[in-house]
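Below is one structure, written out as structure tokens, with a few remarks after it.
The chains carry the letters A, B, C and D, assigned in the order they are written, with residues numbered from 1 in each.
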Amino acid sequence: MKDLLVDKSSGNDIKVKVRDTIIGGNEKVIISGPCSVESYEIMVNIAKSLKVMGVNMLRGGAFKPRTSPYDFQGLQYEGLKILSEVSKKVDIPVVTEVMDIRDIEEVIKYADMVQIGSRNMYNYPLLKELGKINVPILLKRGISATLSEWLYAAEYIIIGGNENVVLCERGIRTFESYTRNTLDLNSVAVIKEKYRLPVIVDPSHGTGLRELVPAMSLASIAAGADGLIIESHINPDNSVSDARQTISLDSLKEIINNIQKLKRSL
Amino acid sequence: MKDLLVDKSSGNDIKVKVRDTIIGGNEKVIISGPCSVESYEIMVNIAKSLKVMGVNMLRGGAFKPRTSPYDFQGLQYEGLKILSEVSKKVDIPVVTEVMDIRDIEEVIKYADMVQIGSRNMYNYPLLKELGKINVPILLKRGISATLSEWLYAAEYIIIGGNENVVLCERGIRTFESYTRNTLDLNSVAVIKEKYRLPVIVDPSHGTGLRELVPAMSLASIAAGADGLIIESHINPDNSVSDARQTISLDSLKEIINNIQKLKRSL
Amino acid sequence: MKDLLVDKSSGNDIKVKVRDTIIGGNEKVIISGPCSVESYEIMVNIAKSLKVMGVNMLRGGAFKPRTSPYDFQGLQYEGLKILSEVSKKVDIPVVTEVMDIRDIEEVIKYADMVQIGSRNMYNYPLLKELGKINVPILLKRGISATLSEWLYAAEYIIIGGNENVVLCERGIRTFESYTRNTLDLNSVAVIKEKYRLPVIVDPSHGTGLRELVPAMSLASIAAGADGLIIESHINPDNSVSDARQTISLDSLKEIINNIQKLKRSL
Amino acid sequence: MKDLLVDKSSGNDIKVKVRDTIIGGNEKVIISGPCSVESYEIMVNIAKSLKVMGVNMLRGGAFKPRTSPYDFQGLQYEGLKILSEVSKKVDIPVVTEVMDIRDIEEVIKYADMVQIGSRNMYNYPLLKELGKINVPILLKRGISATLSEWLYAAEYIIIGGNENVVLCERGIRTFESYTRNTLDLNSVAVIKEKYRLPVIVDPSHGTGLRELVPAMSLASIAAGADGLIIESHINPDNSVSDARQTISLDSLKEIINNIQKLKRSL
């Protein structure tokens, strides 16, 4: 793993700009929203509340990778359009996942940032294609990707010409079953120490349990993360997917306050 | 995981036919060949030797998923054409990997069976597309996919109308670093006990060490596997990829003999 | 890991003699019996049946390491005495677990072989003490011990002067939850290839599911194991511990027959 | 896992007192010192410096559990005496590991707190014995113990009458090999949420890399940990064991300052 474009020795630390938000700079960026886009009504209400409390970006899944083909696969293009309308209405940038290489062209008409989910971190044709466009990419760590494999996945994008890559630690698969995944904050410390890319943390998937999200959000920032991506909902228990790990907007507000206090102390 | 098309309760055990070879029937099917297609000369020589010793199918990678973008990515379409010519010349069916959904249409003109590698087991758009065509699929287990996720991946293909799916256990990622992966033969026993799909084993990736391939080939068949996929080469040490786990043709011949003896005893 | 006493280069392969049974020789040794010693009546009935079908040794736990302090901890010394009486009555050697260094002296009065369970593989004072006595040791692999750590554990015993060590693969802890553990038969192949010690397999703990025990018993022998240790019971469903992985005596008989057939073919 | 003595529902949160230091109260407790006790001279110098910078307790291994029997096994009783003399000289309480049940009686004459290392977390006879004495116990998580197994290990001690148990998260074994272990801070958040015991974190073993210790120390406290145990040395590179993860005293001082600032913000 010598002489990669992601190494600190290859240049200055990368800052990724998504509209007015800079990831990898001084600010701790907060991305939030529901797991799946459910309807315009729900989405616009969530987005307005998030905007008021200072959330930087809105997240929401239109194309949902699901273990079972019998589970809800997302609203697809309809979801994408809802996301885009809400984004304009509330004036907040949006990030959403792309799973299919054939969707990229269309998705980037609607989204400000493209997410590559854990299941697609090894999807090299998809990564190569994203290297050719000039759109910010949120690259989640594979479910059991080594740090090295994850960084090489970023390299696949950057080598193509698109340096706008933000890494996202979202927990790895281990023997521990109390939590959905094991959030590996060591990875954040390593990335901040040795590599040029910004890194944010997803404590929602990293724990799978909403009651752990506040503590692990703080821990992530203390480990050096440049921001957080947190699943939130007006009515978490009614969330169509990932309800168990989705927090309320009140809980999110408290986390944001605590992050601000923590940040001032560091 | 109730009422899936892959459950034994949903129908008879599935037998997958690749030209004259039936996977999931009485015969223990042997698939072999080099990791990557390197040249027509090498490939045709290997294929002739394999054919003579009774190997059922030829394998060879044209599109190679590599952790590093700086590593050899395969001969791509040139490799595919070599594979196809060798297949005709030697009269042996071929299996090769598809990574990019946009390549499917072209690849199935050349290959008798399409392999989905570990890195793409969660690539649901790819799986859905393969469900629409009538070509045999070799579905490798994801690097750290649970048995349940793997079976759902097969379900994604079958639900689309293509029942011709062969599972391939290739080892899972664990803390053990002596071997490249931990070959999980429990999975083979479970599949033969509860599910309708044929399953073969890849002891080359499952161990990463050529000296372990003979013993683990026998163990796989004893666990109930319907066949094996083994990396072999005329000159293993000169293999352009995976040399450490590639066996010689002599070694392969001995394995095949031992499998025959074992099979008669079961 | 150079120049260890367990390396093949340090001497001939070790054969461990337990009364008339030789582990590591030509015969595939079968050790069986219930998880826990429950009563003299049950134990003597099981032992008689096992003896008739050619089982070489009887197993039975008197001191039971249990995750919860509220679970049955074994009959302790009472269990040990039952085991010893049954052993004499039926003329079959017995193996039982020692957890407490202070019990060694007493246990070896009753048992022919001492088992070190997975939880105590790293208990170095215990291993050192066992190196000083001349009793055969069955050394189970730690729940997530690397191959290297396991071999060093054996080295701790052998360096003290007691070469009578039999390794026992019993599955490792991974993310896969369908099975209780992931039986790592790669480890068997490595040991037979590079190390001097006999190795047997425990497919009961290695799978945790009785329906997988027959297939994985065969796979273990095919991988090169010198024998098996299998939990069996006259009435498996009434077993006080590990019922789900305990097989019936009929099932054991069939496994033994299949092992004999397999052995002749190898 | 219902109705355990470790559950919050079973009583007030437990505070463990080691001389004047209270673990589980308002203060974030810092325990530090070298991996192994090497000599009186080195130890007393380290201890004096630690005392000055406000470190609450001194750590140092006299009995060292080592994977290889050929590695340095610690100064044993000589180390214990050094530790005790330094403790008196500098007036700082000490914690040291016990591996052998037969050493407990002697060790507690010298140490203020007894550590159970990862390799002995499943050593139930040892845990039971510690339940009978009235000495504070530092119970490290097993190398791949589930949260549930770890809490049950604490229960084994508490049920015997000794409630003075402090848990210590020290990283778990995963596939990731960049770091020595994967520090699982989710476990800290769970323990603070649901259980009565204090929990501290060992970022030295949890990362294995000294450059990651500062960031992971902060992350641990932010996740809710009651303190830290950190390997430090006057001359880290000359440390006889674990040099790669041992930090300098200057680095420790900076960490302590940052922890104080962080604590005020929470």
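The working rule: contacts are C-beta pairs under 8 Å (C-beta built on N, C-alpha and C of every residue); 3 or more make two chains touch, one makes a residue touch a chain.
To keep track of the chains, here are their UniProt names: A, B, C, D = 3-deoxy-7-phosphoheptulonate synthase.
These figures come from a predicted structure and were not determined experimentally.
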Validating interface symmetry: for the copies chain C and chain D, is the fraction of residue numbers used by both over half? Same or different. same
More contacts between chains, A-B or B-D: A-B
From the mean C-alpha coordinate of chain B to that of chain D, what's the distance rounded to whole Å? 48
Distance-wise, how many Å sit between the C-alpha centres of chain A and chain B, to the nearest whole number? 34
Which residues does chain A have that touch at least 2 chains other than itself? 144, 148, 173-175, 177
Is the way these chains touch best called a line, a ring, a star, complete, or other? complete
Provide the residue numbers of chain A that touch chain C in the complex, in ascending order. 144, 173-175, 177
Going by the contact rule at the top, pick out the chain C residues touching chain D in the complex. 65-69, 99-102, 119-120, 122-125, 128, 143-144, 148-149, 152, 155-156, 159, 173
Across the complex, what residues on chain C touch chain B? 144, 146-148, 172, 174-179, 182-190, 192-193, 206-207, 211-212, 215-216, 218-224, 258, 261-262, 264-266
